[in-house]
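One chain, subunit A, appears in both complexes that follow, with subunit B as partner in the first and subunit C in the second.
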Partner chain A sequence: MVRNSLGRELPESFNGRQVVPYQDPYSLQPDCNQATRPLRRINPDQEKVLPNLREAIIAAGLKDGMCIATHHHLRNGDALLGAVVRELDALGLRDITIASSSIHPVHAELIPYIEKGVISGFECGVNGPIGEMVSRGELNCPIIVRTHGGRARAVMSGQVQIDAAFIAAPSCDSYGNMTGAFGPSACGSLGYAHTDARYAKKVIAVTDNLVPYPARSFAIQQTLVDYVVPVESLGDPSKIVSTTTRITRDPVGLQIAKYAAQVIETSGLLQDGFSFQTGSGGISLAVADQVRQKMQAGNIKGSFGCGGITGYFVDMLEEGLFQTLFDVQCFDLKAVESIGKNAGHQEISADMYANPFNAGAVVNQLDCVILGATEVDVNFNVNVNTESNGLLLHNTGGHSDTAAGAKLSIITAPSIRGRLPIVRDEVTTVTTPGATIDVIITERGIAVNEQHADLKQELQKRKLPVKDIRELQQEIYSVTGKPRPLEFTDDVVALIEYRDGSIIDAVRKIKT
Partner chain B sequence: MVRNSLGRELPESFNGRQVVPYQDPYSLQPDCNQATRPLRRINPDQEKVLPNLREAIIAAGLKDGMCIATHHHLRNGDALLGAVVRELDALGLRDITIASSSIHPVHAELIPYIEKGVISGFECGVNGPIGEMVSRGELNCPIIVRTHGGRARAVMSGQVQIDAAFIAAPSCDSYGNMTGAFGPSACGSLGYAHTDARYAKKVIAVTDNLVPYPARSFAIQQTLVDYVVPVESLGDPSKIVSTTTRITRDPVGLQIAKYAAQVIETSGLLQDGFSFQTGSGGISLAVADQVRQKMQAGNIKGSFGCGGITGYFVDMLEEGLFQTLFDVQCFDLKAVESIGKNAGHQEISADMYANPFNAGAVVNQLDCVILGATEVDVNFNVNVNTESNGLLLHNTGGHSDTAAGAKLSIITAPSIRGRLPIVRDEVTTVTTPGATIDVIITERGIAVNEQHADLKQELQKRKLPVKDIRELQQEIYSVTGKPRPLEFTDDVVALIEYRDGSIIDAVRKIKT
Partner chain C sequence: MSVFQLRRSLLYVPGNMPSMLQNIPIFESDGVMIDLEDAVPLSEKDAARILVRRFLENYQDRNKEIIVRINALDTKWGEDDLRAVLPALPDGIRLPKADTPEIVETLDTMLTEFEEELGLEIGRFKILPSIESAEGVINCIRTAKSTKRLIGLAFGAEDYTASLEIERTKKGEELFAARTRVVWACKAAGIQAIDTIFADAGDMEGLHRETQLIKTLGFSGKSLVNPRQIDVIHEVFAPKQEDVDYALQVVDAIQKAREMGTGVISLHGKMVDAPVVKRAVNTLKTAQAHGMIDIELDEEVIYGQE
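After this line comes the complex of A and B, so read on.
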């Protein structure tokens, strides 16, 4: 066992890989070259279209022990990963690692294939039942959870070597030019798949909408694509929306949003050139709504919105409150529609969005991000991976990336969730280090990280309910009581990788 | 000495590099990995803007013997390469290789720096006086001429390692997002620079138009750019136009164009989905005009035009005769204007355009290309590099790439140029192998390569003046007389590299 700088106990290695303990958010430097792959040649008389996934798996030369990837832009509507795994099984392949950009509850369909040994590990975070079962020790399947930027880094650095990337392509021509903007399974941005297309040993475009050459626009280009496979359907785009996309009506949420908007205003960042990211939850949208009103009132012209894009941000683009949306994934169908027609709504790769190991990601230019939490602690560390029951239920997404990049990173969360206090002595799992979190906002008050004494003072001057984080914690504990500590075994079932590749925490099997 | 399959005598090595003799257009397979470079990390607090080129050269760590690159989208209006070389000299650097995408007559300003030893070689073709002086033995400076696709291949394969790429960016933000579509030095596509941005060890964006972050669109993205340098001016975009952009009025040229259009029609390719490339010369545009009229008359909807794009092709896009323009460089200011506003006018990299060693370039999908020649020979080999005086005066451009890719590659040329016959026993220099040339058209007749017996028969049926190439040659010789053979020394001053990296010919110093 080793301890990282946050005091988290880590195994020295996991699933055969040496663990690098997390030290701090910014100092770890890359010490390797960009990943590479063999150059290939496709002559004018060669075709790329194959009749089905099975032929593509064979053509790609997939073998036992190899690694595949898909992207999660169709989120809970994705049908491709399940279809690929069924074909892997049919071909008798075993011990396959999944390095997709994320796994969703729909992928519970993979569970029998994990049990059968077709799938032996996830080089990606998982949302839903697979993580829960792994946490309970009911599935033996190591998981390495990565941020969106960290995944791009892992692929670009060769840490994760994808043998075959299967890219769901809502619109694709016979030579592999593809976009997510059009077609019956349109999902908008293909941001997570860009890196796969550049670094996977073999790249297979899978489409339910084969269009004449050339596709009218392309997010991923023909030169990167080995094979094109037409299928009946990629899935159900109506299931892209997996959380609420309406502004919360809950008074607690509205109070938090109001505080958040006041903090942003107080920070001095809300001026021409303002850049902003929120998630898609009800509180996030309520903050966006407050900010939008302040921008309209002050005639403030923002520069960009980024991250997962909602229809709400599309409205702000169309109103001229943003000049650009940098879209790594569309969170709803309004965003999908916009990306195909609005030149200011620009698709970007996860590398460009959030990779710490390139010449500067978009998150580095971000003024303010609004983030959620399942728990925070008195050192401002944030957990979004496990719930307070200790179960691994959520992927990290861009949480740690944006927190590290933004000038002002704000956590918004109700002070009590499911009768449990949001502020803990220690979070169950550290997803994002407190060093990158500036403010935590609950309906009971606002805690400002020590490094921002000026902001704290200014908020106090404006009579906002600034509280010391421990004071806020005690106030919440006085209602909820002190939560009972969780009991875990020593078995590490997952690692939480920080964006730079160091390990910020380990997830252990719960005691049952 | 070795001979390649075309019988051309080559040195066994040149400038320290082993020569791979050309064998045939399609069989050489890549046997290496994609080039790589160290990963880097730029944290949120780091800036990229440097005060001037000198600081950028220092920051990039350029040393004696290293290699730099620029792109040639401003063509004869480029001011950047000269400015960089002056700074290299001022810093005392010597023995620098230039691996720009092309060199133009304006770069005669480099001659004193070649003489002084600042520049010791060109890993690219040269247009104008430098090649002439090298051919005469007046400059000692080895040159390797590459096709546009071959240059992308050379950079991607690591054959050419660029230590620092200086990219003229007509519009660029402080984090390096750049486009050529806007700004006082707008040149349109930055197609040749894309590969440099991905593979050069250091990437420096140089701009005379620094815009607020984020630039409203980007052809090359921030994650690839190390430094940004503002300068007074990148050059004079009015000099992008280096040849005529008007349809020829010369009756010889018009006759050739008419034949060419009839050959295309006869080939059966001129139907919905037709794709087409021509250059910017007067005969090329006359062919385009004929084809346009036939498309209009037949209500034919083409798929794409590609290559260097002229205003003429922009008109065809706007008329709906093409659905897409794949633009690797803009040949005139009308094309520059179009690329910034027409979504169907798409910028592509030289890699996507023409690289033989990727998963399929655009040229592989091309139906028909119209190309020029300084000479052709009875084996259909084409010379565009040297003139009939033996002087190296022209770069290859996309000539060999499109000839290899297109279903129908047509050479158009007047039968006599400067009193010299266009058809020779042997071309002075082989640029493009006859195996990839389908038809040669002069005003005196049409020669069809043997491999297209069907097309030949169909042309004869339509009463077009089809002639055996030797018959055509003799007819021209009867007017011009047999040209005197040129006299060369044994000194090889340049290599003509075929697109796959093999050497198709060598250029020798002329006897003076």
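After this line comes the complex of A and C, so read on.
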């Protein structure tokens, strides 16, 4: 066992790989070149279109022990990963690693194939039942949870080698030029798949909308694509909608949003050139709404909005409040529609969005990000991966990437969730280090990280309810009481990788 | 309690809902009215009383005025409500169906008895009577002067329109005469007039319109049913910048006058005396609540020492 700088106990190695303990957010340097893959040659007489997934798996040369990837732009509507795994099983393949950009509850369909040995590990975070079962020890399948930027880094550095990337392509021509903007399964940006297309040994475009060559616009180009497979359907695009895309009506949520908007205003960042990211939850949208009103009132022209893009940000783009949207992923169908028609709505790769090991990602240019949390602790560390029951239920997304990049990273969360206090002595799992979190906002008060004494003073001057984080914790405890600590076994079932590849925490099997 | 207490927004919170009660500290209304009456089903009257008492006992750092709406005194719950909640020290009691001054006087006597029993200063518990029937409106001028405990009169339009057997409309023409009479009664007695609720929590424009109207009529605030309504009401009641500037000049002038040993002075050729000063101070306190100014008001200087 080793301890990282946050005092989290880690195994020395996991799933055959040496663990590098997390030290701090910014100093770890890359020490290798970019990954390579073999060059290939397609001659004029060669066709790329194959009749089905099975032929593509055979053509790609997939063997036992290899690694495949898909993207999660269809989120809980994705049917491709399940279809690929069923074919792998039918071909008798075993011990396959999944390095998709994320796993969703819909992928509970993979569970029998994990039990059967077809799938032996996940080089990516998981949302939903798989993580829950792994946490309970009901499934044996190591998981390495990564941020969006961290995944791009892992693929580009060769830490994760994808043997075959199956890219769901809502619109694709016979030579592999593809886009997510059009087609019956349109999902908008294909941001997470760009890295796969560049680094996977074989790239297979899978489409339910084969268009004549050349496709009128494309996000990923033919020179990167080996095969094209037409299928009946990629899934259900109506399930792209991630959580909620409506502004909360809950008075607690609205109060949090109001404080968040006041903090942003007080920070002095809300001026011409302002750049901003929020998630898609009801509170995030309420913050976006308040910021929008303040921008309108002050006639402020922002520079860009980024991240997962919602219809709300599209409205702000169309109203001229932002010049550009950098879109790595569309959160709703309005964003999908916009990416095909608004010139200022630009698709970007996860590498450009958030990779710490390139010559500068978009998150480095971000003024302010609004993030969520399942728990925070008195050192401002944030958990989004596990819940207070200790179960691994959520992927990290861009949480740690944007927190590290943005000038002002704000956590918004209700002070009490399911009768449990949100501010703990220690979070169950550290996802994002407190060193990169500036302000935590609950409806009962605003806690400012010590490194921002100026902001704290200014907020106090404006009579906002600024509280020391321990004071806030005590206030919440006075309502909820102090929860009993969870009990875990020593078995590590998952690692939480920080964006730079060091390990920030380990998830252990719960005691049942 | 200071001379002037802002009561722009008095938010109803159901007394039987822990999830709502626990959020009372975070709402930015000037006061809350914890309801033991209409919001609480008959089967939960006992439970709500205990819950409210426990909540108030634990709510030590009070950051707003706490009023409890008890059941009417002619019901079998009214007195028990008082017995349960008064030891937890609410600021006041909202008394439903205050149709006559005698009903308020009855409560006054009961509160005095409780204060004696609890060893509290007599007059500690305030009363906010609900004027919510034709009879209540007719008698409100006497009711407004029935006891020194009154912080104001609260008009209740839902029950009022029911007592008149008419529909309540969004425009509220049917309420005009009653509202005006309640305002007269309050102003004559030197207490605050609190308007009725606006029931449609989704209609912010309608709420804005109605609040504008009642502010013009002379009400100092409004009862409300949803926390989302607070901001709209505060926005309407926010003083205009020019009024704030003038009020600052008035206070400055009267302070100079006090130094010279007089209570009257002229400002821009107009006489500044006690009523003008009082209005100016009210404006400044409202402005302060809206974060428009940040000054210390020394009331001894402003009103003079006895």
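Quick note on the criterion: the second predicted complex is superposed on the first by the 512 of 512 C-alpha atoms of A that agree within 3 Å, B and C clash if a C-alpha of one lies under 4 Å from a C-alpha of the other, contacts with A are read in each partner's own complex, and residues count from 1 in each chain.
The definition used in the following text is that a residue touches a chain if its C-beta (ideal position, glycine included) is under 8 Å from a C-beta of that chain, and two chains touch if they have at least 3 such contacts.
All values derive from a computational prediction rather than experimental measurement.
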After superposing on the shared chain, does subunit C or subunit B touch more subunit A residues? B
Could you say whether A:Met352 touches subunit B, subunit C, both of them, or neither, answering first, second, both or neither? first
In the superposed arrangement, does A:Gln255 touch subunit B (first), subunit C (second), both or neither? second
Between subunit B and subunit C, whom does A:Ala361 touch in the aligned arrangement: first, second, both, or neither? first
With the two complexes superposed on chain A, say which partner A:Arg484 touches: subunit B (first), subunit C (second), both, or neither. neither
Under the stated touch criterion, which partner chain does A:Gln46 make contact with: subunit B (first), subunit C (second), both, or neither? first
Shared contact residues on subunit A, subunit B side and subunit C side combined as an intersection? none
Which residues, counting only subunit C, touch subunit A once they are in their complex? 22-23, 25-28, 58, 226-228, 291
Per the touch rule, the subunit A residues reaching subunit C in their complex are 249, 251-252, 254-255, 416, 443-444, 462-463, 478-479
Give every residue of subunit B touching subunit A within the complex, in rising order. 26, 28-30, 32-44, 46, 48, 153, 156-157, 175-176, 203, 212-214, 216-218, 221-226, 273, 303-304, 323-324, 326, 343-344, 346, 348, 351-352, 355-365, 404-405, 407
